[in-house]
Amino acid sequence: MGDYTFDEIYAIVVMQSFSGVSLMCIYILMGLGLYIIFGQMGVINMAHAEFLVLGSYTMCLFSKFVTENMPAFENYYVIFAIPLSFGVAFGVGYLVEWFLISRLYHRPLDTLLATWGLSLIMQQCFRSFIGAREMSADLPEWLLGSWAASDIIDIPISGLVLLLLTVFLIVGLALFKTKTRMGLRMQATTQNREMTGALGINTKMTDRITFGIACGISGIAGAFFTTMASTSPSAGTNYIVDSFLVLVVGGLGSLVGLFVSGGFLALLSSILEFFMTGSIAKVWLYLVIFVVLMKFTRGLFSDKVRS
Amino acid sequence: MPSNTDYLLAIEDLTVSFDGFKAVDELTLYVDKGELRVIIGPNGAGKTTVLDLISGKTRASSGSIRYNNVELTSMREHEIVRAGIGRKFQTPSIYEKLSVYENLEISYPWGRTVFGSLKFTRTKQVIDRIQDVAQQIFLSDMLETQAELLSHGQKQWLEIGMLLVQNPELIMLDEPVAGMTAKEREATAALLEKIAKERSIIIIEHDMDFVAKIADQVTVLHLGKILKQGSMDEVRDDPVVQEVYLGH
Amino acid sequence: MINPINQAESSFGKVLYERLFKNKEGLIAFAILAFVILIIFPTVLSPFRLNLTGKYLCYAFAAVGLVMCWGNAGILCLGQGLFFGAGGYCMAMFLKLEASDPESTAIQSTPGIPDFMDWNQVTELPWFWNPFKSLPLTIALIITLPALLAYILSVFYFKGRVSGVVFAILTQSMVACLWYFIVGNQGYFGGINGITDLKTLKGWDIRTEDAHYLLYYLCCFLLLFCILLSRYILSTRLGRVLIAQRDKEMRVRFSGYNITSFRIFIFCFAAVVSSIGGAMFTLQVGFMSPNLIGIVPSIDMVIFTAVGGRESLLGAVYGALAVNAAKTAFSEAYAAQWLFFYGATFIVIVLYLPKGLAGIYHDHIKKWIGKSMSSSKNNDGETPALVTEEKNAE
Amino acid sequence: MMHKTNQLKRKLKTLFSVFFLLSSSSFVMGNEEFPTAEVCKTGLAVTDDTVTVGQLHSITGTMAISETGSVEAERLAIKQINDMGGVLGRKIEIIQEDGASDWPTFAEKSKKLIIQDKVACVFGCWTSASRKAVLPIFEKENNMLYYPTFYEGLEASKNVVYTGQEAVQQILWGLDWAYENLGARTFYLIGSDYIWPRTSNKIARNHIERFLKKKDSKCKVVGEEYYPLGHTNFRSLINKVKLKKPDLIYSIVVGGSNVAWYKQLKAAGITSNKYNLLTISTTEDELLGIGGENAEGFYACMKYFQSQKNPNNQAFVKAFKEMWGEDSVIGDVTQAAYLGPWIWKAAVEKAGSFDIDNVHAAHPNIELPDAPEGYVRVHETNQHLYSRAKIGKITKDGQFEVMAISDDLIEPDPFPKGYQ
């Protein structure tokens, strides 16, 4: 790095750190929905990535609708698109839990397969009903650019919004879990299903809502991902492996673990990608993860539970 | 390093904590050769955890468990079993898809490695041993029955039989008579007395009549600590024990 | 059911018969499968369709491997494509070297190395390609490499008691990792394009119709052999321990077994079986590509197994044939609807037919046969489906 | 459209012969001028009134996004040809197969088309990998593939007609243009990780380091990077680009990655008023997903842009939109796919036969004077097309503004000397 001035190196470190933080947020958002579902029901939702894509499509279609019918709102629709994406993904998730997942408790491996089937169906739905081509949301100009902090340093505005959104979702989720009746019911069901049922709480309804909320959060994440990446029927395949790994590295069912592993993976891939070319960086990323998991087979943070 | 003892099983200063909660707290317990020890105590006293610790299912936070003066706390489950300790679970844990014969055969202490089990054959010796055990556990007529068809009590016996096939020196039973009819309990008591002649037994049990029938020594656990130790009568008469447990 | 008391004295031949087939029903089921793939398919199908069937049978290897490690031992591997690919790539590397003799590659700047290396400025053969100059070494690697990979990838996780869902996800990441590895090392492994344009095996042209017939039979025999070997393993104590640890892990541990080594063994065994399938795939299809070791094909292999019945070895073969035949038939006519149908298959199998085709046979067909023949045979053997010939015959 | 008068004559003749057949109620079947026995001696699927061709693209899977345009263009060309009377008096019938974005499936389906359906030729494939997978089959079974995509070269099979550009055609002139007009001296090469971007960048690097350097010693490559297909996080790469401050970012990112790439460039402040970017992989198709505003002002080097103003192109765009909807866009590959059936038709008519060897022999020097992209001609030996390269500048509405057109037809040279 001898050719560069101190300012340049400083600027790169700042920007690269910010990229790392953005990536961490992405990992956390990817894993959040999975984490909730796993924590509640002990199953892995293989169609998770499709819920992300569902959110993306909601955003794209809503944007199209707004630009065509209500051009006046063009600059603000993003704010409404987020709850809308949540709503759509929540609805679909609610139905999926009702008709599919609820029949498969205690069979986690089978749930894996069934939800994979679901993901194929959802992908084909996107393709048949929305179209095979990629879509893009018309984003308002304020969300696209960057904030030039100095001559070299550019901080992406979408990255800042992403950071805010992540914090907002995490805080919201924490508050929801501890302060609302529904959240307490969720926790109770997670800890002792029979007992909670005996106390007159409708555990089935709780499960359905939990699953819906998890999908809804994925929907929000997906809606936001359109600002950074593509939306196409098979876009989910880009997310699937990474979001599972975030969860596994963190230790299943631990929110702190999710943070730590999001940060760990982001740090690792930012460093690796800076020093080597993309594909090989990805190979090394996975190899490092495997080795780490060989040592920490339960993930970096796992709830110590009495067996 | 604790000194060697003559005891078959010597548990000293054993502690295990889950997220700060001490399920077993500085426990010290000795079991003699040929002894039949019963552990009682209210729910949450740490009884099953003690068995988990001895059998290697749970790792101790501190303290030692020595069996024939061999330290067990760092060994893995199958090594502990091979050292001569057998364990029965609270709910009957048998292979429901296999026949009674196959259930017993799997426990036969030969060919327990991958390649050993590939080479394992049913020799006369194996068959004789299994028939012998089946006789003891009252299931000799049901060798070909699929295990899931057995009654609850028979499943309990089958699991005890699976231990016997292993021929361990120390047997640990977690509530062996739960869910049995009165008649079955009697038979079980007789069975255990017979078994106890050749080996040591640790039993966790709630049924006081049953305990009174079989126990040499009774240990009362409460909140991970030993509250009282002695014969059934001594224990029964102890006011503290009555307060925490029997009195309720 | 065999009478255990008498078994000790029975002759070697009888023991082997009972181990491989359990009873007459098992023998008949096996004979029917052999008859279908060895006699019926070659006579009924056109050479093109037969070659396709041969390709499907290669997937059946992976499905048989999954029956062993998922169905019987409870270890779901979503990365079976890794081993399938390992075998396929070994074979492809051997064939590619043979196809890249200096004369036919004279146009390259470095003649005598595979074309894709030349395109990527690789000027000499990398060291790890050297073993693939020899066929015996290649075959040895087809067997040992996947076993070694499976061992490395599983030993720490199984020791750390990673199982179930988490292990399934890890295997999926492993397959993704291998995919990136091959794609990122284009100069050494051909990248996305894979290793293509394979022509001869020891001078024998594998692209002719005769070669396809011969390779088809080779594939069938190897598959039947793998099934018998798997049957044998399941019939030993090892097989019972595997099933036992799947259902009651703790009980088996407390019977003094080190489950870890059993799991590693069966995982490696499944890997080797899949690898053989991969090698046969390369021979019959004529190329190998990273597309076969991705996440999706690996899950496809699981669905073949699930359709056939996860515990049934013969079911796995029928499952692989049925799903692939349906896929080909559907995509020739209704490509878009295929994915709906395929996705729905996953869900229906899981919800309503957890035992797959073998389950249909057991629960319905067998009763019907029993009724119509009114035989008083003692039928409690585990016998896979005999039902799908109509579905597979095209 | 092409050879209209010829076609008209032929059409009349066909009509006449049909009338003749009907009126005489004779059992002599078929096309008098081109009897089936004459035009097809190798058992292809040719009858007296029809000829069957295959179409093999991905309708499902990840590549469906890209290949849909090619499917549509080929269908349009075939429809137009049929409307004009078909080929040698025979209507073209299509058997379409789905490659499902999966190379073994491509191989399987191509075998099916050739061996079972005995099609006269196949229009299809998109990625290099799919072409490589089917190539041995086409060569062994001796059939003809019309391949539309710009690709890496290094191949000249007698069984493939390459209607897109090979790498040299697309790269050299574009780099020279950037050198002259954008003052590009330092170059950052970026690509998706597979053979086309890698080979193209190899050629670009050679051109920069050997030829441009002779003109100006400051010319150099400051970075070369590859990311897997489908990759969506380019933040680290973008920071590296910023550190190196190249005069030109030379981008060969393909597929879904494109969207992430351009959006993140914009978000990181790399826009056309600060940086120059030249791509050879982004067409109107991709811009649909990227959104013009995210890539506005960047350049692309292609041989066709939808916005080209010549009348042939305008007619083509109109016909395409009539058939496939007002919203459809046409990229470089889509147009190249459109040429396939026309070249085949011309070759068959020149040979007077559908047989592959005759068609192959007829290919050299076939001209399409009024193709949408302008005049093209098949090369004398290697079955690629001579064509003109063009530079387009991306506009806000996801189209290109044509900035420059090469003066000469560029010769296809799949095995370029000095670039390997």
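A, B, C and D are the chain letters, set down in written order, and residue numbers restart from 1 in every chain.
The rule is simple: contacts are C-beta pairs under 8 Å (C-beta built on N, C-alpha and C of every residue); 3 or more make two chains touch, one makes a residue touch a chain.
Since the model is a prediction, treat every value here as computed from it, not as a measurement.
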item: Maximum centroid distance from chain B, chain identifier (CA atoms); value: D
item: Closest chain to global C-alpha mean, per-chain Cα centroids; value: C
item: Distance between the centres, which are taken as Cα means, of chain D and chain B, whole angstrom; value: 76
item: Gap in Å, rounded to a whole number, between the CA centres of chain D and chain C; value: 38
item: Between chain D and chain A, distance of the C-alpha-averaged centres to the nearest whole Å; value: 38
item: For chain C, residues contacting two or more additional chains; value: 180, 183-184, 336, 339
item: Where chain A touches two or more other chains at once, by residue number; value: 124, 127, 237, 277-279, 282
item: Residues of chain D whose C-beta touches two or more other chains; value: 59-60, 193, 226, 228
item: Interface residues, chain C side, partner chain B - complex; value: 1, 3-5, 7-8, 233, 236-238, 240-241, 243-244, 247-248, 250-259, 261-262, 265
item: Of chain A, residues touching chain D in the complex; value: 4, 8, 11-12, 15-16, 19, 22-23, 26, 124, 127, 132-139, 141, 144-146, 148, 152, 154, 156-159, 227-235, 237-238, 269-270, 273-274, 277-279, 282
item: Footprint of chain C on chain D - complex, ascending; value: 59-60, 97-98, 100, 102-105, 107-108, 111-112, 115-116, 127-129, 132-133, 135-136, 140, 152, 154, 193-195, 198-199, 202, 226, 228-229, 415, 420
item: Chain C contact footprint on chain A (complex, rising order); value: 42-44, 100, 103-104, 107-114, 116-121, 123-124, 127-128, 237, 240-241, 244-245, 247-248, 252, 277-280, 282-283, 286-287, 289-290, 293-295, 297-298
item: Of all residues in chain D, those that touch chain A in their complex; value: 59-62, 64-65, 68, 193, 224-228, 230-233, 235-240, 242-243, 256-260, 263-264, 266-269, 285-286, 288-291, 293-294
